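Below are two complexes that have subunit A in common, paired first with subunit B and then with subunit C.
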Partner chain A sequence: MLSLVHRTIASLAGRLATLALVLAGLWALWEGYRALWERAGWTKPFPVDSTTMPHLHDIVRRLFEPIREGEPLLARYMLDAALFTAQEAATGFAIGATIGFLLGAAIARFDVLQRGVMPYIVASQTIPILAVAPIVVVGLGNVSIGGWVPKDWMRVAVIAAYLTFFPVTVNTVRGLRSADPAAVELMESYAASEWAVFWKLRVPAAMPFLFSAFKVAATASVVGAVIGELPSSIQSGLGGWIINFNQYYVLEPENLWAVNLVAALLGISFFLVVVGVERLVVRRPPEQLT
Partner chain B sequence: MTIVFAVGLVSWQWVLPFLGVERYLLPPLTDVLEALWDARSELLRGARITFSEAIGGFVIGCSVAFACALGLARWRPLGNALMPYMVAANAVPIVAFAPITNAWFGTLSPWSKVVIAAILCFFPVLVNTLRGLTSVRPEALELMRSYAAPQRVVFRRVRIPNSLPFVLSALKIASVLAMIGAVVGDYFGGSTEALGVMIVSSVSLAQYETAWAAILVASVLGIAFYGAVALVERLVLGWHPSIRAGVE
Partner chain C sequence: MSGPEVVVQARGVSKVFAKGGVTALQDIDLDVARGEFVSLIGPSGCGKSTLLRVIGDLVEPTAGEILVNGKPAHRARLDRDYGIVFQAAVLYDWRTVAKNIALPLELLGWSRARRAERVAEMLELVELEGFERHYPWQLSGGMQQRVSIARALSFSPALLLMDEPFGALDEMTRERLNDELLRIWAETGSTVIFVTHSISEAVYLSTRVVVMSARPGRITTVIPIDLAQPRTFATREDPRFFELVTEVREALHAGGADV
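And then the complex of A and B:
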């Protein structure tokens, strides 16, 4: 028992040490590149100065400075914007994953759908779906359903849902079909209902596939939310701040870097949440745990 | 399959307008085709610009990633330690960094989009290649060791051939990402002739037919790019059981 605790602490310490090393390495790369290019005066691939590559500590420090004289910290605004974008992304993710799972289950069940629809779903993953984002977000702004107009963040959530939907559908089909045929036969020989086979056998078999789709979709939904905010100039989210700070980049480059840093953290945290849930839900043989 | 395609086209043309889907969401097919024809010279030029940005990013990103993967596979502890970070880096919304590359290279420069496309391609190719290079059968490595083969030979004879299926499936993902990077990078500003800028500016001018025509062109390019990589996969991996069995 005690040794287990020791081992857990040791592995945690090891991980933290690696994290610190990786961060230090990134910092050294960045500052080293900066110093070398500045000293040598190289202008290829781009001229290096504190506008193009601000010091990393300046970027982080900017987050903890007031946005303007006498106003709250930039980090406060970034937190609000990140929550707003996270709401768009999470709503979209939930809707897209639900629809994707239902459609995937239908496709896995009915061969007609498999042959008729599946090729198009796979093919549609090869087109730049984000290209449609401006039209959907701006177009939905003109829609009213019985006098009810979708709110800004809902229109962006549609983009996130759209991006989530494709990988989840494809992997649901693959996963549900990956159930061991011998096990299916065994259950059928017990006269198990199709419903029972679905829940007790197919869904558990599909879990690893589903989660690898969720990991892709978690990232995609954040990207979709950030990009979706651009064309309709929604100000409250990270995308809006990116556009805003982009206009004043020459004056305060640290601002744009800071908001991008927050966007990166948001994407990584979405991904980590899915990884965490996967650890809890999916039981794998130990040799596949990596 | 063709039936579904036909049904899709028919419902695009007639059923959607009938259901009251407004033209600002999806104009009838014939209107889009008309806009496609009317704007053909602009679209062609935009397609050339955007596609060359995508290809440039793809080539740069994939080759740098492959080289890095070789290095990390050679020094396994480094690769193992960095792997989770590379996977997590995949979760960063990289297209959102397009304004920064715009500031580096100038908004009108194609290089800002090339770099975004390259970074987008970099991580999936790196992660998949590293997996391919390291998931080698232990017997194969033991055999090479019993021949006293140097690392260079182990890579040439065992690791690289073993990684090819992984690399090629990553290249397929990268082809899609490169197109996305080239198109979406434009949303933060770019040459007015590029496809992404055409999409955004036609939407803001309420020229939805032209916007859809540009999206159609981008989609066809995306599918063609993916198809080309898939074809290369078939040619290169014709010997591999997964291809011969017709499994994806």
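And then the complex of A and C:
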């Protein structure tokens, strides 16, 4: 168990190191591009200056400056906003993953659903999320369930769930059907109940597929939460700040870049949480680890 | 448990696969007594694996009847009378060796303590003590197959069905596992039906060798193996061993097999 924890930590450290390298590479590309275009005076495809491409260190520095004279740091506001959005995204992820798994399990079990339901599930994902978000978040603003009115952030979580469930459904179907036929035959030889086959064989066999889906869904849930905040009057999340900073972009471009950076970091942390849980939960040959 | 009680009775068993109308088995009659080790041997496509699956109620016969301990095969399967070992070990990658062995015990609803006790016994039986916390992919092919045997025997089934269990292993490992299987068979008093395409393996292991021919799959000859028990290294060099190997080979040829 201890060595497992060690290996998990080591692998996470390895991933973080890779991440740092990639970030350094991106920084070099960004600043190199900017320096080259400025020096050469090129204006195609767009003129390069501190409005179109603020220095990355200016963006990061902005985070650690007071938002206005005598007020807390921008990072402080960003942290609160990120936590608010994280709550929406995590709730949406949990709802979406649950619904996605149940749908996938039903489809894997009953072939008729594959033809009857799957096309609509696919169609649901072809509708632009920007068109769905106002309907759910604003349109359902006055819905009450037995006198209980869902809070704004809960409606945003529905958008996050909408983006989450699809990859989980598709991978659940594939994963549950991926069990080795011989392993199924073995279960039959023990006269195992369908329920036992499901929990002791099909679900464990589906785990690698499920976690692939969770990785996609984790980042999608953050995007869904941010987009869900846009059409509503919700100001507490990253989406609210994006709208706000968007309007003052010409004056303070670093602000918008800074909030985007925070949104990206939130997505990455969701992804890393899934990776960490996968390392602890899924036991499989090292050559199959991705 | 006394006397030559019949464990398996196959009566007029035929199997025609709906797809392509292939007659895999035709009019099979076979009795297997308690404690016997019976090998099914024949060219590929002779239906030996199908016969094993029909006995194990994994494939339904088109005609005829299988009785196991006097019960229809379906009832026997529901009563968990079968332990099965396939050519591939079919271990669950996400379970440790101990938990793989305990799988049928979990399905039977055994308590945790009872499972642990039996798993320890089985690990000793297949000489894998110390590997209980390993995962299948950390073991060699031969060790995986021993885990598979331990799993099949863990709940003391009435009948052990083995479908070319050592077919994918190298010759050295195969001979070692042959001896280990014979020791386990002697220790547990199991009844074994063993599918193989190796003549020497069939002769070395069995009390009887059932020779089958292909298209349609039929039993052509049943050859009792009168080599002394227990079988040892000396058995493989016994002139009688070679006589029996020759006898089985000739029976296969007579059945039209290109061996």
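Everything that follows uses one rule, which is that the second predicted complex is superposed on the first by the 255 of 290 C-alpha atoms of A that agree within 3 Å, B and C clash if a C-alpha of one lies under 4 Å from a C-alpha of the other, contacts with A are read in each partner's own complex, and residues count from 1 in each chain.
The working rule: contacts are C-beta pairs under 8 Å (C-beta built on N, C-alpha and C of every residue); 3 or more make two chains touch, one makes a residue touch a chain.
None of the values given here were measured: they were computed from a predicted structure.
Residue contacts after overlaying the shared chain place A:238 against subunit B, while subunit C stays out of touching range. Of the two partner chains placed around the shared chain by superposition, subunit B is the only one that A:52 touches, whereas subunit C remains out of contact. When the two structures are aligned on the shared chain, A:94 is found in touch with neither subunit B nor subunit C. When the shared chain is aligned, no partner comes close enough to touch A:75: not subunit B, not subunit C. In the superposed model, more residues of subunit A are touched by B than by the other of subunit B and subunit C.
In the superposition on chain A, A:135 makes contact with subunit B only, not with subunit C.
Touching subunit A in their complex are the following residues of subunit B: 1, 3-5, 8, 22, 24-25, 81-82, 85, 88, 90-93, 95-97, 99-100, 102-105, 111, 115, 175-176, 179-180, 183-184, 187-189, 195-196, 199-200, 203-204, 208, 211-212, 214-215, 218-219, 222-223, 225-227. Subunit A contributes residues 18, 21-22, 45-46, 51-52, 115-117, 119-120, 123, 125-136, 138-140, 142-143, 215, 218-219, 222-223, 226-227, 230-231, 238-239, 242-243, 245-246, 249-250, 253, 256-257, 260, 263-264, 266-268, 270-272 to its touches with subunit B in the complex.
Contacts from subunit C toward subunit A in the complex involve residues 56, 58, 77-80, 82-84, 86, 88, 90, 92-95, 103-104, 106-107, 135, 137, 161. Partner subunit C is touched in their complex by these residues of subunit A: 180, 182-183, 185-186, 188-192, 196, 200-201, 204, 207, 282-286.
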